[in-house]
Structures are given as C-alpha cells and as structure tokens.
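Attaching a single structure in structure tokens format; questions to follow.
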C-alpha cells in the first residue's frame, strides 16, 4: 500500500504532528509506504513528491508549520464556461497513477475538504483530516490548531490587562475567525474579556458603551474587548479599528487596538493539540488499512471516529447563542453584543 | 440564599477561576451571597469565614493556587473506637448553622468528595466540583488542572530532548500520578516519550531495555522515559531513580533522572483549564439555584452536567489498556511496559 | 524621611518590581515612610496620594503594569503665551508641601525625565529611575522593560517562521521603537530576521529586494523582515504595511504583515528585568538616604550608578551603525537596509 | 583557512546559536571552510568530522542542545604513572593534521578550557568560547546559557509560590551550581525567594528558621527557599532534602522540596542568550581571521573581547558577599544564610 500525503490551506500548529502520526502508524505498524506531496495539491500538479521514512519524522511532534509546505491551489475550480488552459484534474490523476499511490491523505480546512471530496468523486481513494485554528470544520467537535491559537490569544489578552488597568484604557484585540467566532469566544472567556464580539452574534454599540460605563461606575475604569476579525464593520475598516473608533465615540474612553494576526497560527502546538493531531493521524491510517475511503477523521466526544466527506461539504460549524460558554459568560456579566 | 465555598486537598491550577465562576454567577446573576471558608474544612471547624464580593474576584481568572487556602483536614475520619477529643462533625454543623449558610460548595479531589458526601449525609446541602491535576476523579471526563499539569510536564520533556540527544543519554522524568497515569500518558505522548510507564500497566525491564537498544540500532542513541510516580518500585526507591538504575543495569546507557514535582501544580492555568473551571463553577451555582444538592459537577462529552455525589465515592478513574492514546502509541512504537 | 513615588508615561514590565525595590529598601532597611502617588504627575495635581506599606508589595515582583497607574500629564508644559487656567506647578508643590514629602521618586521614560528635571529646578528633591521598553533613555546602558519586550518580540518572530516557510512567504513584523530601533535590532537578531530596518539606518528597497531574491536562489523561498515602527514611510502608511507593499512590488513575493503592538509592553517581566528593576529601585532609595538628589539611576557596565538629571535632558540613546550586533549581523548576511 | 569546531562538557542553551555564529561569519564573510567535530574531543580521537555548510545551519538559532553532540572526554588527563593504552594526544594531533584543520574552536566550560589550553600548548591553534549555565567561567562577565537557566528557574519558583501560599508551606527548590551560586542568586532574587543559599556563603539554620518564623509573625505563613546544589550538607544528602529536613526540625513548618535538575539546561535559549552566543561566535571567527590564537572570547562590559586562555585556567568566577544583588537582597529582608 502506497500512501500520498499533502497539506493544503493555511498553516496551523499540529500539522507536522499529524503527518508524524499518519506516517509512524503506516510505516511502523502497517508496513505501508508513504510519499510526501509538496505544497498541497500543487505538488500533484507538478509531480513534486518524495518518499517519507521514519528518519524524516524526527523532531516533527512539536514543530510548527508543515514540512510538506502548503498552498491554496484549488485544482477543481472552474472559471465560468471559459476553458482552462490546463486540465488540472487530469494532471492530478496522472501524477497519482504514475506514482502508484493507492490513496491520498488530505490535511486541510474547509476549502481542502471540498477539493478532497471532488478528488474522491474522481475515483481516487481519499482520507481527510480536518485542520484549522478557526475550529469551523463541520463534523468534528474540535480541530487541532484551535487550542494552540486560543492559548496564544489568551496569553496576549493577559498581557493587555496590565496596560488597560495602568492607563485606564479600553483595549481592543482582534483575533482570527472570518465566519466563526470560536477563537474570540474561547480566548475572550479565558482572558477575562469584558466584551466579546463574534461574527455570529449581532452587536449594539450602545450596549457595548453601557458595559464600559457600568464598569467605570463599579470602580473599574478600563475594559478588554475581544473581537473576531469577521464581525461586520463599515467603510471597509478592519474589525479592531472599527470597534475602537466606535467605543471612543460612544464613551469618550481612550481606546487602543491590537491585531494579533499571524502569530496565532505559528509555533509549537500545545500538548492538547499534539495529542489530538497524533490520534487523528493514526486514525487516518487505520481507515486506510480498513479500506474506508471518502471519509474525514473527526473527534466525536472523547473518541476519534470519522464521517463521510460529502457530509461536510459546504457546511461550517458556527458558534450558536446557546453555547455553554456564552450562557455562562452572560451570567457573569460579559457583553456579547 | 447564602453559599459557603471551600477548597480542600492539593492545590491545582484553575481553582481560583472556579471560585470566580461560582461567585460571579451567584452574585451577579442570582443575587446570592457568598462566603469564603478558609483552609478547607478546617475553616468550618475554626469558624474562619469571610464574605466574598465582586471586588474580591479581580485577577482570579489566571491566578494559580487558591485564595481561600487549603488543607487536608478530614473532619469525618474516625480513628478506630477511640473517642475523639473533639466532635468535629458537630463543630462543622455549628459553624454552618451559626453563619446561616444554605449550602456548601466543596472544590476538591477524591478525598474531598468523600468528606462532601458525608457532609451531605449529615444534612447539609452540598455541591461538589472536582479538582485534580491527576484527572482521576470518577464521573467527569476531565478535571481542570489536568491540562495545565500536562502542559508543564510536556514543556519539561521537550527540554530534556536536547540533553538526551546531545549527550546520547537516557533521560527519565517522573511526573505526578499515584494511582492513575493520566499525566504520564498525555505528557509522554505529547512530549514524544519513547517509553511511558503508568501505575495501571505492568512493565518488564527487558522489553524496556530492548526498546532503548533498538533505538540505538536505528541510529538514535538516546531515549526519553516518562514515568508516573506511582509505578511499583523496589527498596522504597522513588519511581525515577528506580527506573534509571534498572535501565543503566539493563542497557549500560548513561541514564539521568528528573523529578518534576510541585512545579506541575503551580502557576497560571492554561486557557483550556480556565474555561473548564469557569463553566464548572457556573454550573455549580446553577445546581444551587435549582435546589439540586448532593451532586458533583462533571464534564460529560462537551456538556457540563452533574452526577450524584455518592456515585463517585470510593471510585477512581484509571487509564485502561484500550485507551485510544495507548493503542495509538503502541502502533507508533512507544513502549508502555 | 517621607518619600513620594510615581510612575509616568507608557507602562512597561518591571515597574512594579522597581516600586517594590524602592519601598522594601526604604521601609525595611532605612525606616522611611513611602507614599504612592496615583496616575503619574496627575496624582500630585489631584492630591491623590496613599501610604504604601510592606503588605502593599505582595505579588508585585512579577506583576506587569503599574499598581500606581500612569498618565502622560506634563505639568510644566506651557502653551505659547496663553495664560493657563490652572497654575499646575503651584498645585504640584502644594500637594508635596501639604503631604510633607521630602522627595519624589519619578519612574518614567524621556518625557518623565524632563518633567522630573523641572520639578528639581522648582526646588523639590527628585530621584529618577529610567523605564522604557524602547531602551532609548540616554545615560543608562539598559532600561528595564527592554529585555521583556525583546523576549516577547523574539517569541513572535519565532512563530512567524513556520508560516513563512510553510507558505513560502515574506513575513513583515513591526515592533515598537519610534526613534530608536533597539527592539527591532535585538529581537530581529535573536529571531533570525533576514532583513532588519531601524529608524537610525536609511534603507534601500532594491537592496532589500535583492536580499529576498538571493535567499530564493539559495533554496530559501521565504524571508523574515523585522521593522521598527519609526522607520520613514510614505503616504502616512504604517511601517509594516509600507514595507510589505514595497516588497511585493519589488519581488512579486506574497508578503504578509503583523503589527505586534501593545502586547510588547504587557505582562510579567523577564528574570533579567526583575533583577534590573529591583537593583535600580534599591539604588534610588540609597541615593535618597545619602541626600543625593537631582539624579537618575543608571546601569553602567555591571554596576548600578547614577548621573545628574540635567545631563539626560533632551538626549536620546540611538543605535549606531558600528554597534556590535549590526557589524556581526552584516557579516552573517543580515540586511540592515 | 579550515576551521574545526567542537562542543564539550554539559549541554547548554545557546550552543547551536554559537555554532551558527562561528560558521555563518566564517563561510559567508571570510570564505573559510568549517568542519564539525562530533562528541567533543572524542570526535578528534575517532576522526569523526564532517563539513558544515550554510544549509547545515538552518533552524539552529533557537534550538537547544548541540547538533555536534558532546562528551566529557579529557584527552590530556594522565592517570598517575600508569602508561595509557592509547596515546590520546597523538591521536588528536593526527586527526587535526590529516584533516588539514588550521585551528580548532572549542566551545565549553571550565573543563573544556583546560583541555583547550593544553591543545594550544601542544601546538594547535585554538580559540575558545565559554559556555556554561553556571556562569562560573572566569574572565567573562556572563556566559550564554546562564540567562536561559535563570529564566527557567525563575519560572519554576513563580509556580511554587501558589502552592506555598495555598498550603501555608515552606517550599525548597534546588537549582544548579556546584561551586558557584549564580543561578540560585539570580533566580532566587527574580523569583522573590525569602531565603537564598549559595555555596559561597556559609549559612546558619537558626537564622534561616528565624526568617521563616518572622514571616509568619508578619502574616505570611509560607516561605520560598532557593538553594544551589553545591551547598554543604550532611550524610551525603542532596541540598534540597537536607535543607527541607532542617527547616522542618527548626520551625515545625510543613516543608516540601523540588529539585529542578536537567530542565534548566534544555530547550530554546532566551533572546538574550541567542544574541550573546551569536556575538561570541562571530568574535571567535574574527580572532581566527586575525590570527589571534590561544584566546578565550569574553563579554567585557558591553563589549565582546578576549583574554589569553592560560589566564582562565584553574580559576572559577564565584559570587562574592559584596555583590550588588546580595547587598540589595539583604536590605529588602532576604536571608542569605
């Protein structure tokens, strides 16, 4: 059995641990061969494929990024009726055939899952592993990378507290999350945010202003505001800038913004993410050994299982208003909008 | 409604976050009064009780230890037939009555849960919240403190890798876990341990030696061994010392030991533990508001629920051989004994 | 002897450790009384002053921010010939007189030092302690806060490496430093930056582009660029955005920017900064005990000494081209512009 | 010019950064060739030498340990009058001659410096770079590795505070330092230790007990004790165990010990150490370029310089009673014995 493995979409802590999990299980336990495909699906187009051995895996468990490289190549995307200059799907299949790969492990987020589903439809054996710091892949309770991102964001919020209270300021911090506010919710609650704004929950600037004024009345002339990058703004402003300006207007408080940015997705994964990534990697290999293709590995409660790839297509896992942490936060006085 | 709250047994990251979660929900949302009881059950004996207000809670979310102090006082313990000089149960009830406390929130591990169950039997309204870095409380999927301890232990194992490989040594690290090997299992896997020894799984020194020798043959003349403090040893030796000596004898490899000790239970909790602690604290207050007493808060899948206190009494949650991480570890070549 | 102590200007890790150093030495060793002045010089205007005792100092050593609060109040600033509505200098002196303060310890950066010099000229006994993450106070080898800021920035740069190499991108990170590039220089070198831009050294976009292209030719299709916020830009653009756009234009490389922002000045100080802050605080008290006023505490080689306040006025400590780290960086192939 | 480079003695954070500093400067700037010698002087005996190129250096800046490996081989040591079975000095010289190495860069601590001096006497061109977490190399103000070790130890002491205060205990922590107490002094002061014991300063158990009792009287029923491993004990006991037992006997306080161990020497170096290591590495190459051999690179104030190797031989840099931090600590109430 020859496995090809690729990583696609944004990088995220834990990818290398997953690669290690897939490969060690495949090579050590099942005696399979594993081939690394460079730069996501682009490596299949370019026939950029190398064998992976146990010695390729040293040091991977706690290393950030992906040793295979990644890209946002979407080989099945069609541009209207215009004929593409290259027949990318054919090129993909050609590489897979030529290399004799029996199946492809695709590690990626929602975009990758779509491509993986199409690859499966095109007759290739595919197993997918979800990977996203945003935690918005439908079908798995948690994706690896999320705990690391939350951990980094929480550490940053901790740091802002000293400036907020020393200067009696409102500090606004923007964390990742275009459509889903998971990082904002979890880091906001863990960092003691007073106001937490998610793309999923509409907000009202008056209520936000009142929260800040009420804190002042209680002897706390400073506040921490955690916003997801994907909240609606005006005039093309970025989330943090928009909210900071509105708060200054609404309350007169000196307000400062921080955009956490790429730091959230880099560096060594947390212990939690390393174990989740390892387990998911191992389970992917097991699915291959059992001939179960067209599936995405998923954390279900405390168990690693899998679901059909097509079930995940086009779906996003969003935060809902009745999430435990939101209900609990509201009871403790946190303003979610 | 007047709530008394106490923390008992070993300290653990996240206790203060739980206290905050209980109090903020009680004071802010339900309009209850909360009283802090000092030094665990000893504070009920000594009538050492003070009111907690919202301003007592500033800075608690990320603070290690417990602001209430703790002790290992077990007021219901009987020593044979010997009459005790003090009637401790009566003293407890007296303080509770005199202070007008309608219920007691007990935050603690297995020992505390036993005392809490007896307090309930004695007619006091009790709600318990499990707290242990060891993760061995029966009935909850995870206890807060565990993720922090695993995180610290994993960081330590990461550091040992450099010395192991630079000096071509075997490095043995002892982590906490008297009866349950959860910390050893999770930090061992996250830290890339080659050999992981738990109290629950018998080990064989020959197999351990073979693992080390086989790594040498593969060009890796060093190994990382993670042991729980509770594994069986001889001659009253501590776990790390015993295993290090046996490995040197078995393999001739230069072997060094590290005992991680109290560092594992101190300092700021991880984001994961802060959120778990906050949710558990909030849920405890909710149980009180609903008049559901005699229960322990528990993480069940992704939901915070509760179980009857007496169900947990005398039970320990141990690692079993069919645990996902053990199966996965074995497939990747990790030796569990 | 009654000491007043205040913190002014931007907050910075180590201020609380300095306050502790001043107070413990004063109270414990010299038997002086210490009074904390709130919100910098504003607290002298508002008579917002409270006694500090040993118990006020618990937990200060590793706490970020300043428990005294800070402001950018400049009481001696004159606005043209317009008569001020309030005579601030008189208000200051009045508070000092009324409270019976024998001297004032001013902890702050360049702005604070100017005000402190004027306060001394106005007949008040002043001792100053330099405090700035920017490390640009003239007369001291290092200011506390700098090592912490460098440490946080280096950690962030470490994280960007994974994204840079996984995505084959140029990552630009902007760190603090309006006029002085110390943080950019030290974190850039410690983080392995390929291009490091400081306000003190003119840069050439062609040379920067060449550096990136040359790395590509050596098989490294990614680069890390560290820029100080104070480098010259065009069209009012921020440093990181400007440089990222220029690099994309110059090289065609996908380039992403990160602005580190307030995270650099928050949170617990490094061990280095704690010790430096403690020593400086202790030395300030010693100067007071010896009646040496009008001086700024300074690190001189490995010794804590002091210099006359007026010597520092209006001077900035800037990076020079012949700095050891720049010469060394250039030899190793780092581009400084 | 062909340079050989080796690392000898205990590993320490920053060694790889130094290797990178030597090599990048040599290869990139001076066009020299560099050869890595494995496992310290043993690699010269075994002719275990490989060329290093720029691509060998990727990722070294923040990597712990040493990629060259290390050993405690002392090739010039004589065992009485007994003729050695092997003429190690001749073997060394043979490898150096055969490989055509023009000089050897020796990175190591006091033991390595002795060997390096003998190698120089034997006619080999040698440049040494001091490396020790203990900071006890004579002739340099600071050695790299020290700041990292202090940082790790301080972090551990921070963690012990929560347990100490929650349980009202005395916590004893043992840090490295056989003959010199630098780590204990710097981490003890940075971590807020109440009692700090160094090999250089005799201690008195009564005074230690009094310190703990006096803290109790001031309402602080807990203490942190930081001890260097090299303090005198009785009955072959380790430092922490001995002191903990004595304190329990002296005060009746529940006392717990932690031995920090190998964690102090592993993992990624601090930003401070990375820059110091880089500068020292670069300076070593410069000495070679200038033909200045028989010297040890040294930090002198804020400048990197060098001193003759024989000046350092047999000397240790110890803490003296009049060290700034000790004087300052005493004034703040810290007990040094």
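Lettered A, B, C and D in written order, each chain numbered from 1.
The rule is short, and it goes like this: a contact is a pair of C-beta atoms (placed from the backbone, for glycine too) under 8 Å apart; a residue touches a chain by one contact, two chains touch by 3 or more.
Predicted model only: the values in this text are computed from it and were never measured.
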Note = Farthest chain from chain B by C-alpha centroid distance is chain C
Inquiry  = How many angstrom lie between the centres of chain C and chain D, each centre taken as the mean Cα position?
reply    = 30
Task = Quick one: report the Å distance separating chain B from chain D, using the average Cα coordinate of each chain.
result = 35
Ask   = Measuring from the mean C-alpha position of chain A to the mean C-alpha position of chain D, what distance in angstrom results?
value = 41
Where chain A touches two or more other chains at once, by residue number = 158
Ask   = If each chain is a dot and touching chains are joined, what shape do you get: line, ring, star, complete or other?
value = ring
Task = Can you identify all of the chain pairs that touch?
result = A-B, A-C, B-D, C-D
Query = For chain A, which residues count as touching chain C in their complex?
reply = 7, 10-11, 13, 15, 39, 63-66, 69-71, 152, 155-156, 158-163, 165-168, 171, 256-263, 265-267
Note = Listed in rising order, the residues of chain C that touch chain D in the complex are 21, 24-25, 28-29, 54-55, 58, 61-62, 141, 147, 150-151, 153-154, 158, 186-187, 189-192, 218-220, 268, 270-272, 274-275, 278-279, 282-283, 301-304, 324-325, 328, 331-333
